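Chain IDs A, B, C, D, E, F and G follow the sequence of writing; residue 1 opens each chain.
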Amino acid sequence: MSELLIIILSSLGTLFALLAAIGLIRMPDTFLRISVNTKAATLGVGLLLAAAAIFFNDLAISTRVLAIIIFIFLTAPIGGHLLGRTGYFIGNKLCDKTHIDDLKDQYNKKTHELSSNDQEETSVEKENK
Amino acid sequence: MSENIITYPLIVHLFFSIILMFFWNKVKVQKIVTIIGNFVALGVAIAVFIFTWKNGTHVVNAGNWEAPFGIVFVGDMLSATLILLTAIAGLSVSIFSVISIINARLRFGFFSVYHFLLLGLNGAFLTGDMFNLYVWFEIIIISSFVLISIGGEKNQLEGAVKYFTLNFFGSLIFLTALGVIYGLTGTLNMADVAVKIQQVDNQILIDVCAVLFLTAFAIKSAVFPLNFWLPASYHTPPSAVSAIFAGLLTKVGVYALIRMMTLIFPHDVFLMNVLLVLSVLTIISGSFGAIIQNNIRKVFSFLIICHIGFMIGGLGIFNVLALTGVIFYLIHDIIVKTNLFLIGGLIYRLKSTTNMKNIGGLYKSYPKISLLLLIVLFSLVGVPPLSGFWPKISLFLSSYSTENYWYLGALILGSFITLIVVAKIWSEVFWKNQPELKVSKRFIFFDKLYPIQKWQFVTPIVLLALFSLYIGFGAEHIQSLSERIAEDLYNSQNYIDAVLKP
Amino acid sequence: MILNDFLYYIILPLLSFSIVLVFIRFLKGPSIVDRIIALDLIVTIGIGIISIYSIINNQPNFLDIALILALIAFLGTVAFTYYLEKRDNNE
Amino acid sequence: MKSQFLSNILLMLIWVFLTGSYNAYNFSFGFILGLLIIWLIGYSVGQTKYIKILPRVIAFFFYFVYELIIANLEVAYEVMTPNLNVTPGIIKIPLDVETNLEISLLANLITLTPGTLSLDVSDDKKVLYVHSMYVKDRDEFIHHIKNGFERRILLITR
Amino acid sequence: MKTLILKTASDILLPVLLLFSVFILLRGHYLPGGGFVGGLIAAIAFVLDAFANGLENSRKIIKIHPGFLMPLGLLISFASAVTPVFFQDLPFMTGLWASGHIPVIGKIGSALFFDTGVYFVVVGVSLTIIFTISENA
Amino acid sequence: MLFIVCLGFLLSIAILFIHKFIKGNWAWLSTLIPLTSFLYFLSFIGDIAQNDVIKVSYSWISSYSVDLSFMLDGLSLLFVLMISGIGTLVFWYTSSYLKGHEYLDRFYAYLGIFMAAMLGLVLSDNLITMFIFWELTSISSFFLIGFNNESKSSRKSALLALGITGVGGLFLLAAAVILGQVTSTYTISEMLSMSNEIAMSSSYTFIVVMIFLAAFTKSAQFPFHFWLPGAMKAPTPVSTYLHSATMVKAGIYLILRFSPILGETSLWNTTLITIGAITMLYSAIQMLFRTDLKAILAYSTICALGILTFLTGLGTYEALVAAMVFIVVHALYKASLFLITGIIDHETGTRDITKLSGLKQGLMPIAVAGFVAALISGGVIPTLGFVGKDLIYESTLHFKNNAWLLTGIAIATNVLLFYGGFLVGVKPFLGKKPEALPHLHMPSIRLWLPPMLMVLLGLVLGFMPYLLGDSLIMPGAEVLSRGESGLHLKLWHGFNTMFWLSTLTIAFGVIVYLVLKPSDKLLRFSEKFEFISPKSITQYLVSLFKIMSKYWTMLFQNGYLRHYVATYVTFIIVLVGYLLLKDPVLKIDYNTLADLTVYEIVIIIIMFLSTLFTVFTPSRLAAVAAMGIIGFAFCLLYLFYSAPDLAMTQFSVDTLTVILFVLVLYRLPKYLKFSKNYLRVEHGILSTIFGGMITFLILKVISEPKNSEISNFYAENSYVLAKGKNVVNVILVDFRGSDTLIEITVLIVAAIGVFGLLKLRLKARDKK
Amino acid sequence: MEILLAIMTGVLYAAGTYMILRRSIVKLIIGIILFGNGVNLLIFLLGRITKGNPPIISPELKHFTDIYADPIPQALILTSIVISFGLQAFAIILVKRAYKVLKTDDLDMLNTLDEDS
């Protein structure tokens, strides 16, 4: 029974990881890649870890695995956020299909402050309309 | 007294460096503590020496794990002697540092690192484990990196980068060699390696291993063509630092070569031949370099190399007589080279430069100091009966009787060049009139120091000079000591038995 | 045994293949951020590999490494982004 | 003081989980350790009432897992199908959540769900910039976020 | 870096990581881990904090100066190494073990003190290095 | 005897401490030092005349068999009396010559040390001890020659003299050491009985060559003679002492002393005769071209030394006696002439022979002394010089081969010696005093008494040569000869061949003196040939040596770090490669190897590509990121191969390194490709060979069996004895805990270093 | 497998050496790190490798019953990793400092020293 569960969990986990990898290759811009990365991998790895937790069937190990999963879920989005933010900051191009960019010109180049000023419509949006 | 005493030098230095770190910002306290520490270390070193003299080779199994399973510290006469010399040089240099190194430097852990360096040296001399030796080497080189680069002015940094890279390279080769020796013998205890390496069938691999060790140690001891870091860096740090480097750092490489050659690869013909060839080239390189330099400290640097060649060649001959010469020379060299660089520092303090072209008239203005320095310089040259002379007899004799004429020729060349170089220094620095000297007004000349400070500058030099004189005039003692060590080294079975059979 | 073979012959190769794909992204870049993303993902998938490997070898201890990897890899990412932002600030 | 105690308890629990031995000694060791750490870094978690909110947290957890799976499938489909059918954009979302913890939680959850990525929070903590794969309509997107994660977060934290 | 999200996360992570580092330290004798890795993790926790909250803040929250941790740690290791020499005339580094079994930690012996020293040293060293660099960056 | 030698050293040093005293009117008191010795040794004259040999020995460094053993026999007594006797006069002379000189105390100290060293040298019965004194003479003469140290030429001459004699000293050491090995003793008197064994030994040639080199350099034999004229830069008392009685005679003493031990082979005789003859003639001719009094004397000294070598080479009993007599003759007239030259210089301020004449006005007693000295030098009857010359001709004529050729050479040389002696001793005093010279008056008695005493002695001994012969020469010859004895010195042997030859010599000498006028023109003429002189050749060789040194040093020590590293790598490749190529076949047992799996291959490929990427990427940050991947790949590999602790540590350390890099990098300038293409290719090849060699080495080693004794012990006892189950950790904190203790120390030092590097700012005053 | 790893080790040595031979100080340090990794791998390999059996004694046992990996090379490499870390950290700072003073990343600008002065 647990073996089957392990097989299922590991297969799913691997699948998500693989998808993340493919996504990383296929996605046209940095931000989309981050998106793909953060999710698929977290879920995938979470499942793989869960498989291990089930395999060892030991409370101490399970709690540790849980700790890892929580940790990944905690850090992965922060990493994503940092990368996305930095990517934008250093001027990585958004892909052609991007039609809204509310962030444009919101960063102060010098102080790195981010404002919340309303800019009704950004230029990208205008072009797409 | 228990055998544990041989680990006391390590304990003392480690203890004092920790204490010094707690007094991070209090330079005055540090100065006092470090001098006390070095006195204690000297006392301990004397005790170790006497203990070893009486009881012969003895072993401490660190962690109480018997060899070859744990790390052993082996106190034989060679180690005990080197520890004693380290303590003497260490004390002298610490006194010199207290006065000659500016407080800004001292405030950044100088003395801690200094004690760590001495710790490393003592450890390297004591350990009976190859990997442990590597670790001691690392504490030595990291300490030396720190000492050589702190203060980071341009030329010092230039020197430091080279020093760092080439020594790091050496460490990596050392590790490579360790990997190979472990792969072949499955052990790291030197005595055990010595036994087990005989069970290895493939002589070629043993030779390769020997060559890798040779490379690693030859880099440390500045053997040609692995010597480049030395002239590139030794003249850049404060004199007290180069003094301890000159006296002990290259010698620890020589020590390692001696241990390796006598214990692990004895009678390895390939290795012996390589050593002999290298020694000739080393002597030549050192001599050639020394003769064309104008900066005193650079001249001294090249002389270090030249004289390393003397010792390497003796090791390459590998008989009791040659080893006796090597050991005697080693003893002499540690003291005199340390002193040379202290002298470099003193000259700098006197004249604000160490470039011979810009210095002169020392003899006229400081006759007593000049005579003191003369004793050291003559000891260096080996003007008989001063210290550098005696070992040459053994080296001459052994090289002749083993028909190593090239080495004999190189010895003569090296001795001769040393003589000429020293005479040139004397003629330029001491005899010549002082040329025009441009100095910044802020430079504090020796004359402006308080008498006590002057004494602090001179005392270590006097101490070491007296010791040099003792080596020269009491050559009988040193010679019999060297003979004892050489016999021990040559008959390494005693060492092996002491380590492996409790 | 079936489980082991399954993990050994299917899961691990697939995960390895994923890593290869991610690595291709690393090589391609183009932006440094893309490379860091790839690096991050390689570590993440590596954690997966470790957990499978710990099952195969029945070594729960390996999971601790996964934990440390998760912890530390994150810091690497933080450092890189910190650098990129600072660099921007200074040039 | 109270919050520090809570943090301490929390740390103790994490310790016990980590070590996996559930005896009194280990609990007390964990407690002491937590105490030490809190002293060392002068730290406290915040002022939330952990016990009360537990059911809501659990409910929220399931909602999140649901979102996660759905979005993952979406992305999976996207990746596997040959042509890319994305309509990405960066949207500014005005925030109702106020505390750092709330904002971070929201942002992270948004990032964790596939297809969306929190890029940054404005310095005045009023808006969150989110990048999304599929932005058909700005307002609908904003509404989805605000009505989904944000509302539930507020339920827990207030 | 001015990012609220990281700041918040690091506030939570800091104590957890510290806890975790102790965990890694204590189990070293039985399982992978030990003073070195434990120390690194603790250091990393503070480094993370420094990235998120700025160096000054990190300096402030640490009650013990990293420069003090180095000699302290070394002193602990040193003491555990020389105790046998001075009190029992045993060789340097000989392991001393208390009789009996202490909960949580297991058998208590000089090895543990030794490893704890290593832990402190590693924390002190890593922080000294990284803080110094950041300050002069 | 030890006492008297040591006394010389001690008193000399003591002089330094009473410098105020000695610089004043009491300077002459220093004369007591040599005088004491002289009187002391004089007291032995009776014993020695009975052919007694007095030996004393104090053990010193017995492991080397180096003792302070001294032997006083005829030969050494001759020398010590000469050394201390002439020393007494020189000390005395100096007290006036350098009166009030600022560094008179030092001068006396050097001179005293020099004298003591000379005494030790000729008294030593231990070869090593002798060498020690030998070196001391070189060193102390260095200080004497360079005494006027503010003059560049003085310093240069001192260096040159030290250079030549120093290298000779090393040869002596070599000879001594080898001789010691052949004979198993360093005691010279014991070697006497072993001369056959030495001659038979394979080292004989080596020993002789070394001894010759030592003696020739010290005694200024051609082609090593050129340091000697330069040494004239020293104050006159020094020149006097060094060149008449001491320094240069040391080499002669050496070959004399060793002629019974090493002599009587054709190598020994022929070499000495040839070198002696060349030296004699060469320097005699050189003398013709000199105008400086001291230069003339210098060449005449060299010439005399050549004669002595020549005579020793003849090796017959007569020749040895002749040599010994000639030593005394030369010492007497050369010392007087030097001292006279000193007086002339002192009084007139010049030594240029072309500017000096008519000095007898006002310096009449000096002129007389000069005249007698010239007579002695010219071998004119009834001086001791005549006796000496007589003996020389006798020995050449009686020599078995080429007697007339040798005699011819001897005559030619003596003619020129005659000329030289008259040039210095007579010519300045004759004729009209030029206007340019100042008014002259007799100098202090301290200056003129010494030369006077010496020429007087030369006369007295000329009349009564047996005084010298019976007391010193005969016992000395006894030591040197192999059983022959019985020659008695006489002034007058009747009108035999030798007498006529002497007369002929004098006649020719007078002619040469009358015909040849020294002039600057001649000097300049001779300078045209200077470029082929040994001195020029040596200087050329020295500069060649310096250029070579510079080139060699620049070649290796050229400042380029990459060059250094490349050399290191090449060094390893050459040695290890040479060894590995001896057995280039790999015998790998594939069954013992771990099997290949997909995931490992993937990891390795990724590692490989990342490595290449790191090397070739133009972006620094990308390189760092790639290193992150390498680190992670390592982590996985370590994990796969059962090293979880390693995996953890590797990864955490890597991350920290990346953080450090990142923190440091952004302030750095652009990451450029600096290297030239050919260098990249060269380095690429070098690195590839190195890497390939390492791979090969690894495969070689793992195909050897492995010994697992130690690791088994750890595995067995880790828990049982050390109470830990993670064996790696147990090794780290227990089995090999010392490593770890030092390892953390390394970290601390690194941290201190980092802190210091970044925080320490030196104040301007420490900058150069 | 060992063969591949041996080749990889060689590659790391070669890459490290090549990087050390470049003129950039940063490359130099990268080279040192690569080289160091190569050395660790060499030690690891020469201690002979074992898959999936870490030298950790199972909780219920007192010593090993199965084969296990040789712990010594691991301990050695651990030590060497830590030491290298210290050295590398120092080196990195040295680079920083060197740049600050010399204003260049070019090692060839460092060669004023060895010339005669």
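Just so it is clear, a contact is a pair of C-beta atoms (placed from the backbone, for glycine too) under 8 Å apart; a residue touches a chain by one contact, two chains touch by 3 or more.
Since the structure is predicted, the reported quantities are computational estimates derived from the model, not experimental observations.
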Chain located farthest away, centre of chain G as origin (C-alpha): F
Inter-centroid spacing, chain B versus chain A (mean Cα positions, whole Å): 58
Euclidean distance of C-alpha centroids - chain D vs chain F, Å: 85
CA centroid of chain B to CA centroid of chain C, Å: 48
Length of the line joining the C-alpha centres of chain A and chain E, rounded to whole Å: 32
Per-residue overlap in chain A, given as positions that touch at least 2 other chains: 22, 34, 42, 58, 61, 64, 67, 74-76, 78, 81-82, 85, 112-114
Residues of chain E engaged with two or more neighbouring chains: 1-3, 5-6, 9, 12, 20, 30-33, 36-37, 41, 44, 47, 67, 70-71, 74, 78, 92-93, 95, 125, 129, 133, 136-137
Set of chain G residues in contact with two or more other chains: 20, 28, 40, 42, 45-46, 48, 51-54, 56, 59, 72, 78-79, 82-83, 86-87, 89-90, 93-94, 96-97, 107, 110-114, 116
Every chain pair in contact, whichever chains are involved: A-C, A-D, A-E, B-E, B-F, B-G, C-E, C-F, C-G, D-E, E-F, E-G, F-G
Parts of chain G lying in touch with chain C, wherever the complex brings them together: 51-54, 56
Of all residues in chain B, those that touch chain G in their complex: 131, 134-135, 138, 141-142, 145-146, 149, 152-155, 157-162, 164-165, 168-169, 171-172, 175-176, 178-180, 182-183, 188, 228, 231-233, 236, 292-295, 298, 355
Of all residues in chain F, those that touch chain C in their complex: 597-599, 602-603, 605-606, 609-610, 613, 619, 621-622, 625-626, 628-629, 632, 635-636, 639-640, 644, 647-648, 651-652, 655, 658-659, 662-663, 665-667
Residues of chain C touching chain G in the complex: 53, 56-57, 59, 61
Of all residues in chain B, those that touch chain E in their complex: 2, 4, 7, 10-11, 14-15, 18, 21-22, 24, 60-64, 71, 73
